[in-house]
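Each of the next two complexes has subunit A plus one more chain, namely subunit B in the first and subunit C in the second.
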Partner chain A sequence: MAVLQIIATGVLQGLIYALIGLGLYLIFNVMRVVNFAHGYFVLIGMYGVLSLKPSSLADFAVALLFVAAVAAAFGYLVERFLIESTLDKSGHAQLVITLSIGVALQYLFQVLYPEPYQTIRNPWPIDAINTLGVTISFARLAAGTVSLVLALALSWLIYRTRLGVYMRACAESLNGAMFVGVNVRRVYRSTFALGAAAAAVAGGLLIPFQPVSPLYGLELTVKAFIVVVIGGSGALWGTVTAGVLLGVAEAASSVYVSGSLASSVIYGAFLLIILFRPQGLARKRVART
Partner chain B sequence: MRSLRALVSTPLNRANTLVVAVALVVAVTFPQFAAEPTIGVGFVALLYAMRNLTWNIAGGFTGLLSIAHASAFGIGAFSVAVLTWQHGINIWLAIGVGILLSAAIGAAVSLIMSRFGVNALFFTLGTLALAVAISGIAATWSVTGGVNGLQNLTTQEGILHLQWFTDAAPLYYVALAVLVLLTAGVSWMTRRTRFGRSLPFIREDPVLAASMGVAVIRNQAIAMGVSMGLTAIPGALIAQYTNFVSYDSVLSVEVGVAMLVGAIIGGSATLAGPIVAGIGIAVLEELLRMFAVSSSNVSSYTQIAYAICVIAILRFGGSGIVPLWNRLIVRLFGTGRPHDPESEKSSGRSAPDRAPAPEVVSEHA
Partner chain C sequence: MMKTALSVEGFSVWRGRSEIVRSVDLEVGQGELVCLLGSNGAGKTTLTEGLLGTIPARAGKLEFDGRPIAGLRPWHRVRAGLVLVPQERSLFVGMTVEENLLVGAGPRAKAGPFDLAAMYDLFPRLKDRAGQLAGTLSGGERSMLAIARGLMLQPRTLVLDEPSLGLAPVIVQVIMKTIGEINAAGVGVLLIEQNVHQALALASRGYVLEGGKIVAAGTAESLLASSLLESGYLGTTTSTREEAR
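Then we have the complex of A and B:
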């Protein structure tokens, strides 16, 4: 029974990590920018929904759309005014700029919401589901399901739309994309906005059952990186699988290992995976030149 | 004599020599005219400068952007806390143990990462994961005091015990002496030794460096070892200053990030950049503490202002404070070599940048 419970909780949590990871995956693969502020984009969603205080399901849906729009606008502005001019410089500049954006957001939230670990009342009609001896809060179940749907929608966008083709072109070969006339700047801005929006929606889905604190941002950034690195750069399914694996590993280690050591186990495992399989789960078939 | 004359040979060198001389005089006389709490600020500023400088050996000169230095800082602090405070072993011995342990971890991390061919980004992520993992271990291990941390309950004072409970000035002078020694040592290493000169070469193009006979993997490992080993020293000093150590205060990832950011905004390829940035950050923190009205949010506002400064410097300032300053001096006073257009470019950059690559070639001959 305990095993079933772990798997159920872990998979649902993992699907949310997958959605967060997909946002980072897009930014990382298309623009080759290491976005250390990504976890804080999730916090924008969490605090955004928190301050809107949705009381019904309809309110909650509107709040989610709202935070997605806010985060997309924020991401667009960050890319347009801070990242774009540093793209031709070495990687240090983007790394430190996104890190600093994360630090600024963290302490901004600290000032705006001094009370730690706030959450919202469950907006979903049902509280919890109880089958086969497994108890799952409905908010978690719904969040996992919506994340999966959104991940599929993102996949459709990347593989079936014009913007997706442009994005994949930039990821495959920046020069090639430029030669055939792709407006690279616009693609980059859209990518960054999309990645930020995905993170914020995931944050909004998390808030009904995950109390938020400003420190959570760094943890989420690291987890998103774990998902992207383990998933590899080959295909979206790698990222989704990695998210689910991380969720299950986390749920299992929180049961079998005590407190802070649980996260040490996760990060230690991550270190090993980087060492032994740096290319991740899904390998790229075509070598990048 | 030649090196002495070089100090005043160009307007840029004259200006920088003057700045360094004034800074040294101010630093030495500072405790004489400053009030007691301000000496503490000075001490913290020196520590920031010291840890940025030691981070920069690996991060700036060699291009290994490591977050694991947070662990080195914490190991330095915890080796003092565990060995000296808990078991009464002499502090200098404890600092030595901290240095060796951190150096071993640094070299091992670098060797393992090179062995598996990890690229620069994964290096940063891997060291980040390592820092988080080590901090988690310290939070659960009873030897390191778990989540409660360790308190200094010893009573002995003096240079032998590196402890003065009522006076901040002696510890300040110790920090200043260590910082000057470290700066001189790093300067000597990057200019006068083959190993030091090979580091920028490795950073710019490891493949080319290897094909020229530089032992890239070995030198990276030595750089990480030296860098992390020396980072244990400021960790030990902060433990002696605060007399309290916990996983949260010295092992948190933010310590590593602070070193990385500090060195980079100062100018990570330069010797002086990390020191300038470290002192500047400490002063900035103190100023914000003075201006902020409510005390509970001070550190938050400090951090926000700090982050905005960092973003502004990187967005508009190019590669850091010190390169910016050098360019300003050259623009104001000229290069001092009017007939050589080539020097116009090169003297705008800092000394380690100009480390002549051809001499590195003979490394393995």
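Then we have the complex of A and C:
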């Protein structure tokens, strides 16, 4: 039953990657900003929930909302005061800015939380479930499920709300959006806040079963990039599918490949996918003209 | 005496470090149809982007409906009623025709005569294509959609940047006729064109832009009669224009 176990664990982990990736996808598509700090936004959620030490499920829910709000506010301020002024200028200042924010957060967490690999006690009422020979920790099952629900909520926001229409308009044609009276700056700030909040909530969901270290931020940034690039820029489902693929690949390689080699195998596999399908899983419906 | 809608004095617009539009004076009355003529590279598109505020500009005076707009962001200028239909159309190609029309029609959008039904009356072709992605439209349909999308914002003055660019002559006729109808409905129009004769046939007044400067201005009749149009400044007439775009 190893295969079933791998698939179950991988899919659940992958749904969390999908939520992280969706945040990056939004920021990248709407603003054309490559956000190297994205994995560190996940750490805000992980360390945030860790510091709040939730002892009950209700506490945990409140902690998740709290880290979402903190990350959204942080993302808003970063966009408003650091990124916004660079957007209409040529050059690649955003790369340096987001990378610097990431590095700054990494050292900040190193100073604030010197003890590595901390985690929290399982806030969910059940520890694990056994069925069909598959054992899944309930925290993981819940994290995957909540991530899926949030991914669907994001998709609803993008395709069904006013803000979503404006975000899609900015993604399709920035000039077009301005010429129909869209307040582009407000859309950008909201997008960045939303992307950061999605990442932080994913981090909060991870912390009960994923010990955190400051170095984990870079790894998550890389994973989010993989998910976004493999997913393609055409539609949200591509990003979600890519997240699940990454999760399953990770689970499989941790079983069949020994130790550190596992990561190399995953990244090698995704390199191959990119070579054969550079446009990603979900392409644009029509070519840009 | 007609009230002034758009009033511009000493208007200069930059692209990067180069000053493309140099100290232009321009006026469009409320409900007036004025055309701005000029060859490729004269600075017409740069001028429109400066008017909307998407690129850096400086002006001695930049007023819209009697109110200075130099400090306003592009979206605030649009909401004040100054609407641009850009030359490159800037459509949302991954959205349907109808979605394109509705992007600007948010809850806080102004109510006005130009709603979805009115747009489909004005451009029946768009009604047939309502559910189709904007990226699949022909050049003429794209131009129509860009104009309709602009009208949905209930403009008081509409700046049309080469709406006939790259279109077949028969489609140009349709577009020009529609522009006349839009103006007849009370919307001021600044029509930027290379189709000199058709533009001047619609307009009451015109300006000629060359090398970023206004080199001639006057009534449509006086411009038609002037030697400028024959001097090669404005290129040749419509027939030689490329049609595939």
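By definition in this document, the second predicted complex is superposed on the first by the 286 of 289 C-alpha atoms of A that agree within 3 Å, B and C clash if a C-alpha of one lies under 4 Å from a C-alpha of the other, contacts with A are read in each partner's own complex, and residues count from 1 in each chain.
As a working rule, contacts are C-beta pairs under 8 Å (C-beta built on N, C-alpha and C of every residue); 3 or more make two chains touch, one makes a residue touch a chain.
Keep in mind it's a predicted model, so treat the numbers as computed, not measured.
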item	value
First, second, both or neither for A:Val182, with subunit B first and subunit C second	second
Larger contact residue set on subunit A - subunit B or subunit C	B
Partner chain in contact with A:Tyr166 - subunit B first, subunit C second, else both or neither	second
Partner chain in contact with A:Thr119 - subunit B first, subunit C second, else both or neither	neither
Partner chain(s) touched by A:Ser155 [first = subunit B, second = subunit C, both, neither]	neither
Which of subunit B and subunit C A:Ser254 touches, first, second, both or neither	neither
Touching residues (chain side subunit A, partner subunit C) in the complex	162, 165-166, 168-169, 172-173, 175-185, 284-289
Complex contacts: residues of subunit B adjacent to subunit A	65, 112-113, 116-122, 124-126, 128-130, 132-137, 139-140, 147, 253, 257, 260-261, 264-265, 268, 296-297, 299-301, 303-304, 306-308, 310-311, 314-315
Contact footprint of subunit A on subunit C as seen in their complex	52, 54, 73-75, 78-79, 83-86, 88-95, 99, 102-104, 106-107, 109, 133, 135-136, 149-150, 152-153
Interface residues, subunit A side, partner subunit B - complex	34, 81-82, 85-86, 91-93, 95-97, 99-101, 103-104, 106-108, 110-111, 114, 218, 222, 225-226, 229, 258-264, 267-268, 270-271, 274-276, 278
